[in-house]
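Some notes on the structure that comes next.
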Amino acid sequence: MTGAVATVPDRTAGPGPAPLSRSRRLAGPALFVAVGLLLVAVAPAVLSPFRLDLLGKYLCYAIVAVGIGLAWGRGGMLTLGQGVFFGLGGYAMGMHLKLREAGPGGLPDFMVWSGVESLPALWRPFANPVFALAMVVLLPVTVAVLLGLLVFRQRVRGAYFAVLSQALAAAFVILLVGQQGLTGGTNGLTNFQMFYGLDLYQPGDKRFLYLVVVAVLGTMFLLAWQLSRSRFGQLLVAVRDGEDRVRFLGYEPAVVKTIAFAVSAGMAGIAGALFVPMVGLLSPANLGIVASLELLIGVAIGGRFSLAGAVGGALLVNYAKTIFSEESADNWIYLQGAMFVIVMIWAPRGLAGLAADARAAVRHRRRPPSRSVAAPIPSGTPSANGSAPPGSADPVDPARPVDDARPADQIEPTGVPAVAAQRGEEPA
Amino acid sequence: MPRGVRKPLVMAVAAALLLSATGCAEDPTAASGAGSGSTIKVGILHSLSGTMAISEVTVRDAELLAIEEINAAGGVLGKKIEPVVEDGASDWPTFAEKAQKLISQDKVATVFGGWTSASRKAMLPVFERNKALLWYPVQYEGLESSPYIFYTGATTNQQIVPGLDYLKEQGKKSIFLVGSDYVFPRTANKIIKAYAAANGMTVLGEEYTPLGHTEYSTVVNKLQQAKPDAVFNTLNGDSNVAFFKQLRSSGITAAAMPTVSVSVAEEEVVGIGPENVAGHLVAWNYYQTTSGARNDTFVKAFKGKYGAAKVTSDPMEAGYNAVYLWAESVKKAGSVEVEAVKKASAGISLETPEGTVTIDGENQHVFKTARIGLVQPDGQIKEVWNSGKPIKPDPYLKGYPWATGLS
Amino acid sequence: MATLNQLVIGASIGAVLLLIALGLTFTFGQMGVINMAHGEFIMAGAYTAYLLQPLVGTQSVLVALPVAFAVAGVLGLILERLAIRHFYGRPLDTLLLTWGISLILQQVARDIFGAPNVQVRAPGWLTGGLDLGGVRLPYNRVFIMVLAVGCVVAIWLYLTRMRHGRRMRAVMQNRQLAAVSGVATERVDQLTFFIGSGLAGVAGVALTLIGPVGPTLGTNYIVDAFLVVVAGGLGQLRGAVIAAFALGILNSFVEFWVDNGASFAKVVVFAVIIAFLQLRPQGMFVVRTRALS
Amino acid sequence: MTELLQVRGLNVVFSGFRAVTDLDFTVSAGELRFLIGPNGAGKTTLIDVITGLTRPTSGSVRFAGEELLGRREHQIVRLGIGRTFQTSVVFEQLTVLENLDLAATFRRPLGTLLRRRRGIADQVAEAMEITGLAELAERPAGVLSHGQRQWLEIGMLLAQRPSLLLLDEPVAGMSRDERARTGELLRLVAKEHTVIVVEHDMDFLRRFASTVTVLHEGRLLCEGTVAQVQADPRVQEVYLGRTRKESAELVKEAS
């Protein structure tokens, strides 16, 4: 009755998360270790340097995918501007590397042919390797926090947020392109030689860089995994499924969303910073609307509700793009487009959803996977007019394990807050 | 084995298979490309999708035509040329990726490709690193001379400077610069401003619009306010269509305010609509109407292969020439080996649709004749001036005193 | 004088924005479908005008208006039937789906019509301009403005005077209530998609007068169109009209007063929309349904 | 008794429609107050204003001396005011336990947010006990029946440890048994909390209400015990003095 902000210690007695059978509990870590071994030990041995470079590039995209999985899959924020954060991290790193290799007068090559005579003040601090590394994370996080607080506090969400984040990507590209002397314009930053002592022209050093990318991906994955199994992760899912209801749990959903958004932005920034030495160039084309959509589509295809699905999807989509376009330079767009359409229609929860259904079918033998695949799932944000999406009458997928913390698991959003309807808001 | 663990293993095995399949894609027999075997592989790398496909698809067509013709005439070194076509997808990193693929997977002898400066800048380190050859067929902004790139389009002193000379000759005292916001227009305009300052011309304004921009009424209004004697237009692609349509409907005539365009060729004229651009000037090294038997056969062959309604244009011709110049160099070198070809290429001279072109061994650009053309109502371009003889390429404009300090 | 001229230009840019966004206010507004293929429906309208050209000569633009409406409308209907109807209740997913479809449609156009732009001749009577005391307004701009206003009026009449239209409005405002009141929402959705896509076709025809006609035509306009709808408020005809003209005029003035302003104007427009949403988070006009007690 | 909630001079206008007019309303600490009135009387609007969902045109709402107007919803919750909704909203993907735990979370230090839940906190256990949901702790909230959901919502409120609870039609749509159970729950809750209940159900009202406030067309009509209110001719007019048909409907709705 006092209502004091007393903190209550957790009781140690009583049931924790439901115990799982040992094999199921080990499945996730086993998969993690298996994929890790494959990437660390098998891939470098089997693949040619060219293919290993490509795999490294896909892994950079997979790092972004982990962030998207967090922001979109868990948090329901359909971010179409992830390229912006990727770009901010990438440019921070690219600027540093360019300064390291600057020609006469300490100017990067493109400034010379753009007619810039002295190094712009904006560039100077990036000569410091530590500053550059810090900016790789801080720049995207800052932009994400600013944007997040501006739009989420105003309860801009769903399609509105999607369109705004897309416009952000468009505006960012235009800004970058317009400042040719500062950013290299459409060309972007190209022709990198060294990366923190690694010679990017040496296959051995390049392989080491690849391993760094694998390690970063693993770390980011574990970070996102821990976040989503924590209370914060539950809160995030709660915000996704009933943002307005969360206010009445004493939380400002805008803050919860902004944090998740900022974390995903930071991951994208780190991915961009690794992309630069891995691929050897960064241009506005890598961060525009199309690039941002491609980042997203990988997550959608892999399965946005599963972090592992997001990673797998990013790898698969980029691999498919390479292979399709190599096999059929004239018609690969058809293949790519068809892949998106088919997956979105027939596997709305992505390949990870299919896998979960298959598992469930094997385990229960009571519901064929086709039914739950065809069952529509609600979008990441609640439809605020209170219309329950079809299928939400039976919102609990038998495939959903009690413990939702394991990365490969599915958390489907449902939740149809009546609060929103009372506020007279439009469907988002 | 517990059931839960089996699945990850299955996935791991599947992933291993996938990876090894990728590895297998590196067919060891692909090494045949560079000379052994019965064919010589060459790469063709242009955007076949995305926004740049508008321009690049026909360049690929012209390059394939040249390969077909050379093969019909017996190929080079007794072998047929086998093109490997890749899509740059209007995306610069993709250009770099595919260039690397052509070099290390397909082991091609050379690559013909690129259009935008950005795609060239993205590919440049790939070719330099692998010591492989790129033939780049489009006019560009100069200030570059990579030992592993051959530039068969015009550099600035073969297109922009003659265009300015022509305007000066016509007594135009004031100009307005309109361009797309990317590297070529910005660099070109820097050169134009230096030229104008040295030649008593005033630059009344400089406007850049984003690539793909289609709303030009404000730019046209600025032109109306500034009233320049002429407009120097470095817009690219789609934007030209919108610009000329809107320029015309605003009542500005070519007679009152002529524009000189450096990225509008026969092909673009079709898309703009000849009636919208008739009477305006363009600066190139080749037109479909350029006289000469060699051009007649080129135009005839191109229409024969791709349809009578097709037109030929400067970048297509430059791509077509690039294949012939490479083949000529290979014949002279007696090998497709890169250093040998580079060495042999110096001074190679060829009768091409645009006239005689010669490779300048110094910078791997080619001597080209500059031509100013007037767009005709039928969509063709009539030459109104030419430089008389091929101009020596000077990518850094070292021979122009007013240009010191530009690079 | 230049200022007046810019005002006129702003209004004509606004008319273009309105035309391309009008269809979206329906599909995005009513059904929450983020139709990335809307740009390709615009493209389909433009190519319709191109295809009719050899048949009906230079008046093709006029003939093309209704035909393009039908062509794009049917395309939209097909899309709705085959794909989008599986997506109701999860509108955000439609974005990815329709993006895939837009990629395919672009490639189809490239394979049918070739990668380069094609030409659509404007009728002779659209080539001149109207002199308003020193300010010249090209006839094709007048035509686009009249067309935009005409479309708005037609839609408004349809929504308020026709039975079908009133049903559509009912579904827009409260889908569930409409459904339980006996409105066949599925039919209404089909009709909405037909009309929304058809309007894109009309916009495509109009755009042939001032811009390029090629496979990537739609990508030039799609982001602007979405911004208009977001600024205007979902499903709000009035909001879309005001937003389109406000953004058009803002654009034209920023571009005119700032040197090299075309790029800058786009950034400013984005910033203004973010700022605007601070004041009006749900767009300009929100349907108010009073809190139920 | 100390006045916990004071509403003074409240006016709420929705685009010309006056939902609440010059309303004064006071609730003392420890009270169990029922809020009744016909549709459109302004009951839910009043609750919306108190909890920050609706911004009034003018007036003041003070809670334990603090002005509530101008605060955002979550800040008001943190002051110790919790509410439920007519249509219960729980997080269907989360289990009952997780729902309750989440509701209790904001009183914990920030660091616990980043950790996984281990064990059950005291207030969560209490809330489960009092609502009788302990057996369903590990079930996803999505499988609960309508009544169970309402109890879960009330449980979530209790886990928040609020000092004022606002319940918006807690028994609407419930079966007779469920209503009785909810009434018992209400009695238990009211022992330790101040509670305001919006309710239509006359039967429920008679059985569990102590003080009743009647709203009509946005104004305070009268206030008093159930008996006083029922005897008030104005109330009878509002409820019964209409056409028979309407009253019949009202009765139907209430039952």
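Per-chain residue numbering starts at 1, and chain names A, B, C and D are given in the order in which the chains are listed.
By our rule, a residue touches a chain if its C-beta (ideal position, glycine included) is under 8 Å from a C-beta of that chain, and two chains touch if they have at least 3 such contacts.
According to UniProt, the chain labels map to these proteins: A = Urea ABC transporter permease subunit UrtC; C = Branched-chain amino acid ABC transporter permease; D = ABC transporter ATP-binding protein.
Everything numeric here is computed off the predicted structure, so don't read it as measured data.
Engineer: For chain A and chain C, what is the smallest step count along a path of chains that touch one another?
Structural biologist: The least step count works out to 1.
Engineer: Taking each chain's centre as the mean of its C-alpha atoms, which one ends up farthest from the centre of chain C?
Structural biologist: Of all chains, D has its centre farthest from that of chain C.
Engineer: Taking the mean of the CA coordinates per chain, how far is chain C from chain D in Å?
Structural biologist: Taking the mean C-alpha position of each chain, the two centres sit 46 Å apart.
Engineer: If you average the Cα atoms of chain A and of chain B to get two centres, how far apart are those centres in Å?
Structural biologist: Spacing between the chain centres: roughly 37 Å.
Engineer: State, to the nearest whole Å, the distance from the C-alpha centre of chain B to the C-alpha centre of chain D.
Structural biologist: 72
Engineer: Among all residues of chain B, which ones touch two or more of the remaining chains?
Structural biologist: Correct list: 48-49, 181, 208, 210.
Engineer: If I count partner chains per residue in chain D, which residues reach a count of at least 2?
Structural biologist: If we look for residues of chain D contacting two or more partner chains, we find 44, 48, 53, 86.
Engineer: Where in chain A do residues touch two or more of the other chains?
Structural biologist: 174, 177-178, 333, 386, 392, 422-423
Engineer: Quick one: which bits of chain A touch chain D in the complex? Just the residue numbers, please.
Structural biologist: By the definition above, chain A touches chain D via 1-3, 5-18, 226-227, 229-232, 234-235, 237-238, 241-242, 244-252, 386, 392, 395-396, 400, 402, 404-405, 411-419, 422-423.
Engineer: Could you pull out which chain C residues touch chain A in their complex?
Structural biologist: Chain C residues touching chain A: 28, 32, 34, 83, 86-93, 95-97, 99-101, 103-104, 106-107, 174-176, 223, 226-227, 229-230, 233-235, 260, 263-264, 266-267, 270-271, 273-274, 277-278, 281-283, 286-292.
Engineer: Where on chain B is chain A touching in the complex?
Structural biologist: The touching residues are 2-5, 7-9, 11-12, 15-16, 18-20, 22-23, 25-26, 48-49, 85-87, 89-94, 96-98, 100-101, 104-105, 116-118, 121-122, 124-126, 129, 141, 143-144, 181-183, 186-187, 190, 208, 210-211, 406-407.
Engineer: Can you check the complex and tell me which residues of chain B touch chain C?
Structural biologist: Those residues of chain B that touch chain C are 48-51, 53-58, 181, 205-210, 212-215, 217-219, 221-222, 224-225, 237-238, 240-242, 245-246, 248-251, 267-268, 270-275.
Engineer: Which positions of chain C touch chain B when the two form their complex?
Structural biologist: 2, 5-6, 9, 12-13, 16, 106-107, 110, 114-122, 126-129, 136, 138-141, 207, 209-217, 219-221, 251-252, 255-256, 259-263, 266
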